[in-house]
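In what follows, chain A forms one complex with chain B and a second complex with chain C.
Right after this comes the complex of A and B.
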C-alpha cells in the first residue's frame, strides 16, 4: 500500500490500470477512450500504462469509446473507460446497449454540468440522466472512496449474480482535479482481490452466434425482468465485496450508503458526493452545540437501496435532501427516489434543496442555512432552490 | 490547519505552485490538499489556487475563504481586494521587485514578503519573457516563509519532476525573499455578499462575449496600419503599385488607370521603358519571381478608360521649359490643379527624349502622342521650336506666375579618338534622333557603340535595324555593371548585337576600309563612388587591339547645360532659383537631378508642380511622411501559394531584328485578359488590407468585427492580446503593441 498525494483523476487511472492488469492471465483488458475535460487525465494515465495484456484504443468519439468497450467485453476482456458531461450524453446510446447486453464494463463518470450555458463544473445531471440505462451507479464522497469503490465495482459487475455495468461517479474538479492524500493499493493486492473476468455470454469462435438480434416483446420483457432481478441482488453482492475488501486492504469502504448519528436524531440530512462530507462537518459542529442531527451519505443510486433508506429514515420527523442535480418539472433526483421510498412512513417533513448546480460551492454556511430552515418547517414544500432564493 | 490562497493568471503555474506547496508538506508526513479554480478562459485570466495543510485528514472540499496566507503571482493582481478573508496574523507573499515597505498603505499591520520571482524566472529562462513561469521560483520563497528547509523545498521540486533551472531559481528566491510586518492595525475583512444581477438564458445578450472584461488581462493589443509596399517605395514616380495591381486583378481597368493617373500622366510610356525598380524591390522576388509590374502598368494603360479631364479654373499661368517626362509630368499635375500651363520646347513636337531618344521598337510614337494628348485636354498648351536661353527665361519670369525648367541634359560626353575620324564618329543621342527622322542608314556598315547605358543599347539595336552587318558594343566594365535595363541587354544580344566587355577605345585612324579603332583591354579594380568597380587598363604585350569599323557611336552619357541659369542666381534645396526679381523659377528633371529614368523625371515633375502650388497658394498637397515600409519580414509568405510569373508575349529575335516593330507586345495583345489578371493576383499587396478577413476568422475571442461600412473594429474590452490576428495577417497590416 502506497500513500500518495494525488488527484482524483490520477487515483482513478491508477486503479483502473491495476484492475485491467489483474486480468492479464485471462482475456486481458481494454479501454476505449476519448478525452473530455475534466476526465482527460484518467485517459492520459491509462495511455501511459504498460499493460502486460491489454490496450487503450483511442477513438474519434465517446459513442465509439463505449462501442470499443462493448466489443472488448463481448470478447471476454475486462473493459473500462471514463467520460463526463456532454461526452456521456453523446455516448448515451451505447451506454444503454452495454447495460442491456449485461456487459460488466466499469466507467468512471466525472460529474460535470451539461450545457448550455457553457459550464465545466461539478453537477450530477450528466450521469443521473443515464440512471435508466441498466447500469449500477455509485456516487463517491472522497478520493479514498473513489479508489476503493472502483475496485469493488469490478467485483460487483463481473459477479455472475449481477453481470451488469457499473458507473462510479465523482465530483468534477472538486475530486477529479484536487490533490489529496490517498492510500493506493499494490498490484498484488488487486490481483488477490479481483478474480479473473469471466463473462458467460462472451463470443466464442468455436460456437459462432449473433448477439443483439431481434427479440419478441415477451422475450424482451423477460430480459428486462432479469436485469431488475440482477439489480436487486447488488446490495448483497456489495456487502460480500466490502467484506473481502477489508480482508485484503484492511479498511472497510461505505456500502450502499453511510447512515451516521441517525438513531438519536429527529432530523436527518441526505446528501451525496463531496457535499456529504461538508454536511458531516457541519453536523459534527452542531452536535458539539447539543443539536442531534443525522446524516445519510447516499452512495448507491442504482439499484436504489430502498430497504436501507427506509430503515434509516422511516421514523424521522424531518428529512432534508440536498441535490446537486435537477429533473426539470420535478425536482432533485435523489429526493424523488427517497420520496417514493418513504411512501407510507411517518416522516412529517421531507424537504428537497437544490444546491450547487453548475458547480456552485456548497459551503458550511449554505448547509447551516438549510438546516436552520429545515428545523423550522412543519410541512413539506416544493423543492427549495437554495442559491436562487437565498 | 493552514489555508493558503494563491492569486495568479492562467499560464503562470499557480495550480502547480499549490501542488508544490502541498507536496513539500506531504513529504513531511502531513495531510495536504491542493486545487485550482478551473475556468474556460485561456492564458491570462485571473485565477485562484488553494492549499490546505493539516496534521489530520482533511475533509473540507470548499474553496478557501479565510486564508492564513496569501500568495500573489502577478504584480497586476496586487490590490487591497485580496485582503478579503485574510487572517491578520498570516502573511502575504508578493511577486514584485518592490520592497515590502512600498505596501505600507495597502496592507497596514500585515506581514508582507516580497521576492522578484519574475526577474528570477526570466534570468533562469523559465517560461517565456512575456509569460515567465514563476511557480517553482516562488516555492523557494514560500518554503522560507513556512520554515521549510532548503532540502524540503528541493525534494518537492524533484517529486514534481522539475529540475535544473527550476531548482536554482527556487534557491535564489529562498535566499532573497524579505519580509516585514508593516506599521498599522490589521483587521479581518469579512467577505461581502454582493447582490449581482444574474443573466437568464433568454436575455438577448447571453451567448455574447463573456461579461468579464477580459481585455484587462492583455499585455499586448492589436492594431491596424497601412504600410507602404516596397514596390511603391521604390517607384521614383511615386505610383501606388499594389493599388493599381489590385484593380487589375479585379478586372477593374478603369480604376487601375485612375490610380496610375494620380501620380503619372505616362503609364503607357513607363509600362514600356521603365527599368522597374519596383520589381527589384518586390517581396515575391525571393519567394518565386517578382510581379511583372511593368507589363501590368502597360496593360492598365491600354485597357483602362481615362477620367474626363478638368479644364483650368485658376488665373495663374505657369511656364514650363522642356517637354520631356519631367516637364510633361509637371504640366499635367498643374493642369489638374487648375493652372493655365504653357510648355516650351526646342523640338517641333513635345516629348523631348521620349520622342527623339527612345526608338519606336520600344516606344511607339502613337503611345506618346496619346498620353500627351490627354495632358493637352487639361488645357495645357505646347509651343514647339522655342529655344529658351537665359534672356528668354528672364522674360518668362515677368510674363508667368511661375516657371519650371526641365530642359534636360544637353551636353554630351565625348571621347577624344584623334582628329582623323571625320563624321564616322557620332553621338548616340544624335544618332537616335536621326534614326527617328529616317535621315541615317547603316546599310552594310560595321558599327561600334561605346557605352553601357540605355542610349548605347538603343543605338546598337537601331543600327542593326538600319541595316548594319555587324554591331559591337564596347564597354569598359562588364555587363553586370551596365546601367542599361537588363532585359534590353538580353534582347540586344538575342538580336545578334555583340558585347565586348572590359574594352576602352583609345584612338581611331583611317584603315584599309573605314576606321581602325585601337582599344585598351581593362580589368576591374576597386569600387568607385557609385559602388561599381572601376575599370583599370591592363599593361603588357596584348594590352591593345584593333577593331575595323565604319561608324562609331558614342553613348557615354550627358550632362546639364547650365548656361540657362541667370548670373547671380542661386539654387536652394527645393531646386528653386533665388536672386531673380520676377516669378519663382524651379529647376526640374535631369537638369536639376541627374537621376536618369523616365520614372524619376515623372516624380520630379510632380513634386515641382506641388512645390509651385504651395509657393503660390500656401496649400501643401505633398503626400504625408513615408509610412513604414512593408519589407519581407512583415509578410507571412507561408500563407501564400507559389506561382511563377506570367510574361507578356515578345516578338522573336528573327522577326524583330530588321524592323522597328514593337518588340514587347504586352498582355493586351492577347485576346484573353486572364494572363494579366492572374499575374496581378500574384501580388502580395504588402502592407495593404485586402479585406481577406483572416484576422476576423482566426480571432479566438470573436472580438474583431468587419463592419458593414468596411471598417474593422477591435473590441478591446474583450481582446486578451493573444496576437493570433497579427500572426494570421498575410501582409503586415495587423500588428501588436505592448501595453
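Right after this comes the complex of A and C.
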C-alpha cells in the first residue's frame, strides 16, 4: 500500500485503472471516455494507462461513452466511466439502459451543477436526477472514502446477487481537485480483492439470445421487480464487501451510512458528501460546549437504507437534513427520502435545509446557523433555503 | 435474471428465423438472408437500435434472430458495437460484430455516433437498411426520404432532397463502403465477402423496400429495387479507403416511372420526374468523375485500424 498526496480525480483514475487491470485474466476491461469539468482528469489518466487487456475509447459524447460501456459489458468485460452535470444528463438514456440491462458498470459522478446557468461547482442535482435509473448510488465524504468505495463498487456491481451498475459520487473540486494523503492499493491487493468479472447474460455466439428487445407488460413488471429485489440485497452484499476489504487492506471502510454520537442525542443532522465533514467538525465543537448533537453521514442513496436510517432517527426529537440538491416544487432530495422513511415515527421536527446549491461554500458558520435554527424549532416548516453567499 | 433469457436461445443456423414479425415483402427479410449467405458460416453478433429491425425479433422471451443481439438505444448501435468489438478483439474472437440499423438510426439520430465510430475505424460492419422512412413509428419522414415523397409527416410531399450518406461515410475514408441491392444477389454476396475480409469500419447501404410505407405491392419488392438500380436512382458501387471507386452496375435506360409508378408514396403533386431524372444524371456525372479520377483496380486492401 502506498501513501500518496493525490487529488480525488487522480485517485479515482488510479483505482479505476487497477480495477480494470484486475480483470486481465478474464475478458479484460473497457471505458468509453468523454471530458467534462470537473471529471476530465479521470479520463485523461485512463487514456494514458497501459492496460494489459483493456481499451479506453475516446468517443464523441457521453451518450456514446455509456453505450461503449454497455457494449463492452454485454461482451463480458469490466466496464467503467466517469462524468458530471450536463454530461450525465446527456448520457441519461443509456444510464437507464445500463441499469435495465443489469450490467455491472461502475461510473464516477463528480457532482457539478446542471446548467444553465453555467456553473461548474459542486451540486448533487446531476447524479440525483438519475436516482431512478436502476443504479446503486454512493456519496462519499473524502478522498480515502472515494478510493475504498470504488473498490467496493466493483464487488457489489458484479456480485451475482446484485448485477447492477454502481455510481460513486463525489463533490466537484472540493474532492476532485484538492489533494489529500490517501492509502492507495497495490495492484496485487486489487487482484486479490476483486474476483474476475463474470456476467451471466453476456452475449455469446453459442447461446444466441436477444437482449433488451420487445417485452410485454407481464415480463417487464417481472424484470423491474427483480431489480427491486436485487437492490434490496445490496446492504448485505456491502457488509460482505466491507469484511473482505478489511482482510485485504487492513482497514474497514464505511457501510450504508455512518451514525455518530446519535445514541445520546435528541438532535441529529443528516448530511452527505463533504458537507458531512464540516457538520462533523461543528458538532464536535458544540459537544465540547455541552450540546448533544448527532450526525448521520449518508452514503448509500440507492437502495435507500431505510432500516438503518429508521434505527438511527426514529426516536429523535429534531432531525435536520442538509441538501446540496433540489427538486424544484418539492425540496431537498435526501429529505424526501428520509421523510418517507420516518413515516409513523415520533420525530417531532424534521427540517430540510437546501444549502450550498451551485457550489456555495457551506462553512462551519453556515452549519452553526442551521443548527441554531434547528434547536429552536417546535415544528417543521417547508424546506428552508439557506443561501450561503447572501 | 430474466433480461438474460430468450426461450429460443438454442443455436440456430440462420440469422433470421422463420416466424419473425417483418411485413410481407420487407426488404430486411431478404437482406438478412443474403447477409447470412455472404458471411459463409460466420456467426455475427448484431447491435440493432430502435427500428423495425429490432421488432423483427418479436416479443420476449422469444427471438426472431438466431444469433446474439443487443437491442440498443436509438442513437447508439455504433457505440455499443464498439464496446462489443473491442472486447471481441481483446479476446481474439474473430466473428464479426454487425450493426443493423434503419435510416433513422443512421442518417438522423445516430449520425454523430456513426461518424465517430467510423473516424476511429472501429472493427465493425455497419449495415443501414434504408427504407427511406421511420417505419417502426408508422412511416414518418427521415433525412433519407427522397424529395417529393409523401410520408405521415410530409403529407404534401417532402420539400428537401435525400441526404447522400455514402458521400458522408466515404468522407471518413473508411476501409470499405458499398451499396447493396436485394435484386443483385451475386453482387450483394460479393460485397458481404469483401466486407467480412476487410478490417476496420465497413459501411454498407441497402435500399430496403417497405411495402407498408412505400404503398407498394409486397410481391414487387425485388422488382422495385431492380428498377431503382437500372434507372440509375440507386447506383451499385464500392469505395475503398474513401478514395478508390468502382461502379458495379450501370444504368440501362430503364425509365424512372417503372420505379415510381409502383409506389403510391410518389403520388404527390410535388413529384417532378423530370427534376428527379436530372438529379440522377448529376449523381452519375459525379460518380463517373470519381471513378475515372480515382479508380479501384485489382484487389483492394482497406486501411487496418491502429490502436494505442
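The rule is short, and it goes like this: the second predicted complex is superposed on the first by the 387 of 390 C-alpha atoms of A that agree within 3 Å, B and C clash if a C-alpha of one lies under 4 Å from a C-alpha of the other, contacts with A are read in each partner's own complex, and residues count from 1 in each chain.
Throughout what follows, a residue touches a chain if its C-beta (ideal position, glycine included) is under 8 Å from a C-beta of that chain, and two chains touch if they have at least 3 such contacts.
All values derive from a computational prediction rather than experimental measurement.
After superposition on chain A, the partners chain B and chain C are accommodated together without colliding. Look at A:277: by the touch rule set out above, it reaches chain B but stays clear of chain C. With both structures placed on the common chain, the touch criterion links A:168 to neither chain B nor chain C.
In the superposition on chain A, A:32 makes contact with chain C only, not with chain B. Comparing chain B with chain C, more residues of chain A are touched by C.
When the two structures are aligned on the shared chain, A:362 is found in touch with chain B, with no touch to chain C. In the superposed pair of complexes, A:15 makes contact with neither chain B nor chain C.
Following the chain A superposition, chain B and chain C show a smallest Cα-Cα distance of 23 angstrom.
In the superposition on chain A, no chain A position is in contact with chain B in one complex as well as with chain C in the other. Within the complex, the chain B residues that touch chain A are 18-19, 22-23, 26, 31-36, 38-40, 57-63, 65, 201, 206-207. Of all residues in chain A, only 5, 37-38, 116-118, 120-121, 142, 171, 173-175, 177-181, 274, 277-278, 280-281, 361-364 touch chain B in the complex they form. Contact residues of chain A toward chain C in the complex are 27-28, 30, 32, 53-55, 57-61, 63-65, 67-77, 79, 93-94, 97, 100-102, 163, 200-201, 203-216, 219, 222-223, 226.
Listing the residues of chain C that touch chain A in their complex gives 1-6, 9, 11-12, 43, 45, 47, 54-55, 57-61, 63, 65-73, 75-76, 78-88, 90-91, 95, 112-113, 115-116, 120, 307.
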